[in-house]
Amino acid sequence: MTLSNIFHNLDAIREDVCNANRDLARFGLVTLTWGNVSGIDRQRGLVVIKPSGVPYDRLEPGQMVIVNLEGIVVDGDYRPSSDTPTHLVLYRHFERIGGIAHTHSRHATMFAQARRGIPCFGTTHADHFHGPVPLTRPLGEQEVAMDYETATGNAIVECFAGRDPADMPAVLVAGHGPFTWGQTAAASVQNAVALEAIAEMAIGGMTICRQMPELEPYILEKHYQRKHGPAAYYGQK
Amino acid sequence: MTLSNIFHNLDAIREDVCNANRDLARFGLVTLTWGNVSGIDRQRGLVVIKPSGVPYDRLEPGQMVIVNLEGIVVDGDYRPSSDTPTHLVLYRHFERIGGIAHTHSRHATMFAQARRGIPCFGTTHADHFHGPVPLTRPLGEQEVAMDYETATGNAIVECFAGRDPADMPAVLVAGHGPFTWGQTAAASVQNAVALEAIAEMAIGGMTICRQMPELEPYILEKHYQRKHGPAAYYGQK
Amino acid sequence: MTLSNIFHNLDAIREDVCNANRDLARFGLVTLTWGNVSGIDRQRGLVVIKPSGVPYDRLEPGQMVIVNLEGIVVDGDYRPSSDTPTHLVLYRHFERIGGIAHTHSRHATMFAQARRGIPCFGTTHADHFHGPVPLTRPLGEQEVAMDYETATGNAIVECFAGRDPADMPAVLVAGHGPFTWGQTAAASVQNAVALEAIAEMAIGGMTICRQMPELEPYILEKHYQRKHGPAAYYGQK
Amino acid sequence: MTLSNIFHNLDAIREDVCNANRDLARFGLVTLTWGNVSGIDRQRGLVVIKPSGVPYDRLEPGQMVIVNLEGIVVDGDYRPSSDTPTHLVLYRHFERIGGIAHTHSRHATMFAQARRGIPCFGTTHADHFHGPVPLTRPLGEQEVAMDYETATGNAIVECFAGRDPADMPAVLVAGHGPFTWGQTAAASVQNAVALEAIAEMAIGGMTICRQMPELEPYILEKHYQRKHGPAAYYGQK
């Protein structure tokens, strides 16, 4: 297969990733150009990602940048998002995810800046995240100096040692903001929307009640499983 | 009367329920697909409800699902909302209500997650709710394991023992979120809008003043009665 | 002049009042039908006010209700706003105002419910209000029982004993919400917008700093006078 | 060159400044007419600024006012913004800036009113501002009486003694609100957007955590430099 055929085959994913990036704006998750979504074609090992610093309302599928898993741009007229190395670490280690979203959505970022994970305070949280949303450890000075964006990815991967990222499709990078993922670029954006909502509700609850009670574990389990478990009965078949 | 005639007669309520569901989005009460509205035809004992997990902007009246009061789907191509059993418990026990709305609207859910009812802090509250909005008791592990959505409905009904649900068309389900109701599907959504507003104002007040004063009982009474009492003089005749 | 001529002459004010009511929605000051604006024709002693309980997006100038200063409906097919008696007290006592707006705008209502006036924390406040926005005293049980809406107006008037309502075009009714006024219906809505903004900023400041500093009196004076004083230089001549 | 030729040459900057003012509304940074943007033609020493008190949705490039650096109106049918003298002080002292925006954006103003600068709590901040956003000292009574708007500009300039305003394109005027700047009018608005976002996130964080941790200095540096340093790699070449 020629290279041009390969890229032609990526047209569908280019469009998905472009739409997912535009959805960041539609859902109110981004300010200026502070966010990016990518998707991966696992068969070909190619990642499609937003070009750096381009506004969402002008994004076209043809502007998406294609990089391989080592970060080499293999197609596209633009520079990829400066966060590309972080996305790549996640794709290399979380082998079943198909899309990643990074935003600075207001309330999720408040938790990241406060250096707190988000406890599970209710069923909205449990519908999407199987337990508290974790926070990465702070990066050391050396890590930042060497390869900052890769180090960010590595710190996320560390957080998920021994657990399945499919069950917890979100993380807060300390002092920075959220990354979310899913089976597709669109799914990663849906998780970014859910994360922002639960972050907002968590903060609001904390203003009502200093010692917010966590959701009963058996209700957390029930809600997560009714939407994501083998016997899920939420949504259409 | 043939079955197809019965369903034909439900066309009006299908449309009302579809519109009421779309209004959840229009009023900013829902994120993604987190909310559902139903309506009941009391004569026929049939409930019309949103299909599970379908986005509001694509909802069509023909997609509404019709179930009987035992929860059997009698018409429709989709699965009904996963919260259908909760709606059915309420319709069986609250015999004069005609519509129910369930949302995860941000501020009402903050109270539900903080496990607090909403005290009556002002006339906006009193215009719609005849006293503090109650909070359900937490569900036990067995209830959740057996028939979670029905248990949720039962916990709501328990809260209203000895009181008229027409006077208090809202409840907060502990750790989950609000349910509201009314004489029609549209009215249940109006109450969801009012509930969200008073929840937001209650939280804001609590940031100004740690010991928020409750509304004088005679003003609560005055406001509730001028809108809902036998001598109501709010609105048009 | 015949009655029909008089009413014909009110066409301009009907349209102003209708637009001002619609602006309540456009500026995000109202939820459902919780707000009303009126205007007065001082020469004829006639007040034009929103019909009770009619949604803003369907309001037409012909639906405005005309009442005299004693509250008798002299023209219109609808019932006037249930808050009409409050408006009338204000028109009778504040002889130079031409329009009144009443809303339950979120942040102003939070202060009303917390039973706090709004201190002058900054120049935005000083640009519109000549000092702290006052809070009415609570109404007694008898007042509420007798003629509630008139008593509300009287409590507002009490607050302004010895001061010029032109300098302070806003008040918070304890446990209820704000009333604002101005030379026209449109001006009363502009003041409602300003009040809501300063209330929101005041609450936000109080979350940053427990002991919010009040604006220096000479800056308050400077800002108020540069916009409203005899030598005002804000805006166009 | 004739005067009319000079003004003709200002057509492009008139349009830029008009669009930048309209963007204040589009980005939700202004209420009523509370904000203004200007731009400067350094070669000619002429400043283009919004007319005072004119709503954003009706602004046309031809309504922009042109003043020289001494504040003399040299072209335009309207009065310039009442804040013009503040802009002029900044243009005189910050010789490399090309545009200035002043707003009363909600969260930035909360900090200004609370008399607090904005500490750097995260990478969103570091992406735009090279350290904590400073707060001006309060103005004295004499300064306010003499030439208030010029004194405001002088207090800002004092804050930047010994530092490069290009690295910190924002300041909070105590008790008033933010000023931001940039190489163009449009850039000053982008910085106003960024400032409002980081202010909102800072306040939110402070409700989660009383002792908010500041961003590690080496991460602050990394983020600022990757977007603004000599080896910046954010955005397109």
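Letters are used for the chains, namely A, B, C and D, taken in the order the chains are written, and counting of residues starts over at 1 for each.
In the analysis below, a contact is a pair of C-beta atoms (placed from the backbone, for glycine too) under 8 Å apart; a residue touches a chain by one contact, two chains touch by 3 or more.
In this text, all values refer to a predicted model and were calculated from it rather than measured experimentally.
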For chain A and chain D, what is the smallest step count along a path of chains that touch one another? 1
When chain B is superposed on chain C by its C-alpha atoms, the rotation angle in degrees, nearest 5: 90
Comparing which residue numbers chain A and chain B contribute to their contact, where sharing over half means same and under half means different, the two sides are different
Nearest whole angstrom, what separates the Cα centre of chain C from the Cα centre of chain D? 33
Using the average of all C-alpha atoms in each chain as its centre, how far is it in Å between chain B and chain D? 47
Going by the touch rule set out above, which residues of chain D reach two or more other chains? 207
Are the chains arranged, by touching, as a line, ring, star, complete graph, or other? ring
Under the stated touch criterion, can you name all the chain pairs that qualify? A-B, A-D, B-C, C-D
So in the complex, the part of chain A that touches chain B is made up of which residues? 121-124, 127, 190, 193-194, 197, 200-202, 204-205, 207-209, 212-213, 215-216, 218-219, 222, 226, 233-237
In the complex, the residues of chain C that touch chain B are 31-34, 51-54, 78-79, 82, 104, 106-107, 109-116, 138-139, 141, 144-145, 148, 175-177, 203, 206-207
